[in-house]
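Next, two complexes with subunit A in common: one pairs it with subunit B, the other with subunit C.
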Partner chain A sequence: MKWIREIWQSIVRRDPLSTDKGKSELVFLNVWLHIHPAKVKKENLRFKYSFYLGFITFFLFLILLTTGIALMCYYRPYPPAAYQDMKDLQFAVFMGSFLRNMHRWAAHAMVVCVFLHMCRVFYTGSYKKPRQFNWVVGVMLLLLTLGLSFTGYLLPWDQLAYWAITVGTNIGSYAPLVGGQLRELLLGGHAVGEAALLRFYVLHVAVLPSLVILLTIVHFWRVRKDGGLSRPIWKLKPQKTEALVTIGAPAAVAPLQVTAASKDKTYGLMEVVTGKPIFETVTPEEEKDTVFSYPYAFVREAVALMATVTSIMAISLFFNAPLEEMANPAVTPNPAKAPWYFLGLQELVSHSALLGGVVVPALMVVALILIPYIDRNPSRRPRERKWAIWLFTFFVVANIILIIVGTFFRGPGWAWVPPWVHVVARPE
Partner chain B sequence: MAALCSAVGVSLGAVVRFLVPSVFYGPPQSFKIGNPGDFPYGPPTFLADEKIFVFRDRERGFAVASAVCTHLGCTVAYFQNDRDFHCPCHGSVFSPTGAVLHGPAPRPLNWFEITLTRDGQLRVDKDKTVPPTYRLMV
Partner chain C sequence: MERKLQQLFFALSLLALVLILVAEWQASTPSWKPYQRKFLQLEAQEEPNAVSKAAVLATPLAINQVVLPGLQRVDRCTTCHLGVEDPTMKNAPGPFHYHAGLGPHVPSKFGCTICHGGQGLATDMKDAHGNVAFWQTPLLPADYVRASCGRCHKEGDVPGVPELTEGRHLFETEGCHGCHKLNGVGGSIGPDLTEEGANHRSPEWLERHFLAPNAVSPGSAMPNFHFTREQARALTYYMLSLTSGDMGSYYSSERLIPSPEYGRQLFVEKDCIVCHAIGGVGAKVGPDLLGVTKRHSDEWLDEQLVNPELVYPGSSMPKYDLESNARKALVAFLASATPKDAQDILASKGHALTPEDAAIEAGKQDFARFGCAGCHGTELQGGVANPNAQGEQVPSLLHVSDDYTKEEVIGIIRDGRVSPMDNPKGSAPPLYMPSWKNVLSNEDINHIADFLWSKQQKKESW
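Showing the complex of A and B:
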């Protein structure tokens, strides 16, 4: 028995978890876990503060990576094999349709969760100093998530895929000057065809996931370096709002309140930097407010992981990912609709391609990126940032309404058809 | 620094050029569509692979309209009862001459040149657009 313990010890190399030292060592001796601090602030673990949406988004991405790699074993990225492989996955491959369903529903869920996560970050004012740039990294991740959905959408090579991508890439060609060339670059030709499928495949399985992984690493690293999540609003102390969001951000922050070092614990960067050491002091009452990451944070994250995986599995058991007829360039389905999260865009495009498809979305993205630099109000309290909240809510609601209109109120020929009206096809 | 920047710049340029296809393997832009006798008078014939409508009129002869919506590239359908073209994607409607009646389409439908080859077949050239009044008498 001793030798088993020795082998185990050679792997984990830490004190028993019953000790505080062991609990800390579990975190900082482990390459995967050390992105966490050894101790976290109790209130920041509350579900009602972050809803764990960032984690859930990340877990959905993990599901997409694993199921995606599985699907790659059966997918050939050229027509008409691509479509036949979809049929194979659905009817012949063991668990093929289940894996395809998981991949599809996790992709939809990721779009929803990344959006909700962004809303959470906005409404809690967590993009404010020193977290401005992490918001920008977040917007990049949002765009990459949409890019992954868009490129993935073509891969089944069915009617839905073909026409959504035809319309989608034509929107891009309205961009002034370079639009047309950009479209050709993306498609590798004048129209959606073999070359386009291959390019979308390369983007979908190699380029975009790598970028998401890289930016996710940066995103997490910065969350950690900013001292973990921002403090829940209800924990903000009235007089010291400034001092609360300063950990690990050495440059130009409001002066830290440094209490006499003797009775406090201090963590610092010593010997590696010359000049004045950067200290973060923790007062005894703040110390009381923290708990060890093991088990408190890890258990919660594990619960979020399991809830995410089981929900996606459950949905995949009962709902099949759609697959229409094989792509047919000659026949446009009526109505031809983009994936739901692009239907707001399609609704705008139905009024004007240049304005609705290029100008408005480009301005929205730029505005989104610039939010932390435009909103210079230092307060994170909802009461003190009414304008920002109203404005953001207006755009969120407008977007949701457009998506609902595009999804449920548009029938053949993009005519206004409420969902309770049944349309009979018009004879040609 | 300047050397590094120019090296990066040149490499990026090369990458972009690499991604621009030198040869396009798309369908040909100019092709034969058959003998004049193959086409009936009256409503236009839709050629699905080429995405064109071939009109044949007793007095005025042949004309070819593009079936590609000028908005975002969906394939329009011809409706016999109002003799208009309807786009299924965002609802653009084009008149029998291809003019935009309503919807988001920015330009009228294209009309393509149609000619007679020496062996008596009809030939369409999608690289040559013509006014909607263009007709080939056979």
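Showing the complex of A and C:
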């Protein structure tokens, strides 16, 4: 029995989990878990603070990776084989439609969750110093998620895919000077065709996922380096932000303060530099507010993971991913609609191509990225940042209304048709 | 709290397991399996002893599919329709009975959907029979399945389907080309019909449409041709057979295999002898065709038959709109043609031919091919309703020479005419004689004028 214990010890290399040392070693001796701190702030574990939206988004991405790799085994990225493979998944491959449903619904859910996560971060003011750049990384991830969803939209090669991508790429081509060329580069031609399908496939399965993984690593790393999630607003220390000094500040201005260590604590010293660390510091009083990541944080994350997986599976059992007729460039549906998350844009384009297709979306992205640099108000309390909250709420509501209008209230010829009115298009 | 969370975690994990099992159950009980089991039971009944019965019942269930790259389809119909090729299943119930009268068209080589329609890849009944959203070609009603013969048998008579021959004939003689494009030839007033058989159109719709176009498509510019019920059905058959899809050489009917005999028949049908001679026997308008296959490559000859203008700019040879197999057959005939053939063909025509006859023949071909007959009538009698014309009818062309010189008529064909009245009841844009100068060459227009003049009825002398 001794040798079994020795082998086990050689794998885990930590003290028993009943000890505090064991609990912390579980985290920092493990390559996957050590992105967590050994201890986390109690308040940050509250569901109603973060709604675990970042985690849920990440778990959805994991579902997409695994189902996506499985789907790749059945998919040939050229017409008409691509469409036949969809039919094979639907009718012949064991659990094929379940697999495809999970991928489809998880993709939609991820777009929604990334957006909600962004809203949470904004309303709690968590993009403020020192987290400005992580907000920018987050906006990049939002754009990449839209890109992944958009490129994946074409792959089934049905009418829905073909015309959504035709409309979507047309919106992009309204950009002055480069718009047309960008569209051509993306499509590998003047219209959506074989070349476009291959390019979208390469982007969807190789380029964009790699970028998302890279940026996700950066995103998580910085959350960790910034001392975990930002402190809930109701737990804000008075003038906390004043105490923060960036690295490189003269030592005389902000001398390094060393608090007396208690007996049973261990410090690892990596490098001695002048200046205070950039992240939030923890005083011994605040230390009382923390708990070990094991099991408090891990069990909550595990629940979030299983809730995400079971929800997507349940939806996939009862709702099939749409699949229309095979793509046919000669038959244009009326109206041809972009994917739902671009329908707000399409609605704007229907009023003005240049303004709605280029100026407004470009300004929107630039404004999103610059939020932490424009909003220099250090306070995170809602009462003290009314303007920012009003503006952002306007942005969110306007987007949602435009998407709802584009999705449900537009009929043939992009005419105003409420969803409760049934229009039969006249056969030509 | 912590305990509850752990319990929640385990509950959710259990739920995930249950959901996976449900998905697996769903996937492993597809609706085709009961059919296969029932079929095996039927077969087992025939077995003499218990051992062989058990062996039959133990046959593993599997999706059957026929992969048909030549027809660009995969058909899984035989997953449930297991007896189609088994004559002993003649009296079998439900989906298992034998398909009699297929001749060489066995499902293992032709599949099912090429004739019947439906969704070949699907493996449950509703989807396979195609009566679902987003499937363009549901099963054809039994009455119309034979129309599909025309998808491969594109020329000549199709044995057992007189409707197709009749429909094709009506299309060519009633001038449908005047408004409708077919394989790139024809007008653009009505919709292109090249893929009509592949489009989602119910046979009933088509038939009602031919009987009264305005009743099913209000505001349609298509005149009512007063077809009989049989004619409407024949045209419906023809429409259902139209598709430009290449069926692959394997599926070409024997009739279309480019035999010299078929080529000779075409040579007679298209009156080639009116312009060409073989070894000095025949007309001298075009080149002598004796040994033409030795002077030119097959590709050159094919191109010449597709588009003479492209090979010889200014060539007076009309375009004949021949299928690729028909062109090959013509070339095969020319390779073996002798002056004796030409003499026989001339003898069967019964009278000598002059260059004028050649021009008139070419004009007649153009008149039919470009659909002039659609408005002016197959016998130039006119009378087709047109709300924008004087008298609300297209005038007869049988007395044109009374009012116009030949040059004036040529001018009218070339430039078209402005509608004399704009009738609000008529179609938009108003239907009237269009300008043909972008479609027809001057040569073609001259030929048509020659043809018109040959048909003029002399004014009764008094």
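Everything that follows uses one rule, which is that the second predicted complex is superposed on the first by the 381 of 428 C-alpha atoms of A that agree within 3 Å, B and C clash if a C-alpha of one lies under 4 Å from a C-alpha of the other, contacts with A are read in each partner's own complex, and residues count from 1 in each chain.
In this section, a residue touches a chain if its C-beta (ideal position, glycine included) is under 8 Å from a C-beta of that chain, and two chains touch if they have at least 3 such contacts.
Bear in mind the structure is a predicted one, so any value in this text is a computation, not a measurement.
Engineer: Would subunit B and subunit C fit next to each other on subunit A once aligned, or clash?
Structural biologist: Pair status: clash.
Engineer: Quick check for you: in the superposed arrangement, does A:Pro16 touch first (subunit B), second (subunit C), both or neither?
Structural biologist: After superposing on A, A:Pro16 lies clear of both subunit B and subunit C.
Engineer: Tell me the contact category for A:Pro419 with respect to subunit B and subunit C: first, second, both or neither.
Structural biologist: The answer is neither, since A:Pro419 touches no partner chain.
Engineer: Output check: A:Pro284 vs subunit B and subunit C. Expected answer is one of first, second, both, neither. What do you get?
Structural biologist: Neither: A:Pro284 stays clear of subunit B and subunit C.
Engineer: Is A:Ala353 in contact with subunit B, with subunit C, with both, or with neither (first, second, both, neither)?
Structural biologist: It touches subunit B, and subunit C stays clear.
Engineer: Once the shared chain is lined up, is A:Met306 touching subunit B (first), subunit C (second), both, or neither of them?
Structural biologist: second
Engineer: Mind working out whether A:Phe91 is in touch with subunit B, subunit C, both or neither, as first, second, both or neither?
Structural biologist: In the superposition, A:Phe91 contacts subunit C only.
Engineer: Tell me which partner A:Gly193 touches in the superposition: subunit B (first), subunit C (second), both or neither.
Structural biologist: The answer is first: A:Gly193 touches subunit B but not subunit C.
Engineer: Touching A:Pro382, do we find subunit B (first), subunit C (second), both, or neither?
Structural biologist: After superposing on A, A:Pro382 lies clear of both subunit B and subunit C.
Engineer: Which partner does A:Ile171 contact after superposing on A: first (subunit B), second (subunit C), both, neither?
Structural biologist: first
Engineer: After fitting the two complexes on their shared chain A, where does subunit C collide with subunit B, if the options are 38-46, 92-100, 110-118 or 182-190?
Structural biologist: 182-190
Engineer: Report, in rising order, the residues of subunit A that make contact with subunit B in one complex and with subunit C in the other.
Structural biologist: On subunit A, the overlap between the subunit B and subunit C contacts is residues 330, 427-428.
Engineer: For the complex, give me every residue of subunit A touching subunit B.
Structural biologist: 163, 166-167, 170-171, 184-185, 188-191, 193-195, 329-336, 346, 349-354, 412-415, 426-428
Engineer: Can you name the residues of subunit C that touch subunit A in the complex?
Structural biologist: Touching subunit A from subunit C are residues 2, 5-6, 8-9, 12-13, 15-16, 19-20, 22-24, 26-28, 63, 72, 74, 76, 119, 121-124, 127, 134-136, 191, 195, 217.
Engineer: Could you list, by residue number, the parts of subunit A that touch subunit C in their complex?
Structural biologist: 80, 84, 87-88, 90-92, 94-96, 98, 158-159, 295-296, 299-300, 302-303, 306-307, 309-310, 313-314, 316-317, 323-325, 330, 427-428
Engineer: Quick one: which bits of subunit B touch subunit A in the complex? Just the residue numbers, please.
Structural biologist: So the residues of subunit B in touch with subunit A come to 16, 19-21, 24-26, 48-49, 51, 71-75, 77-81, 86-91, 103-104, 106.
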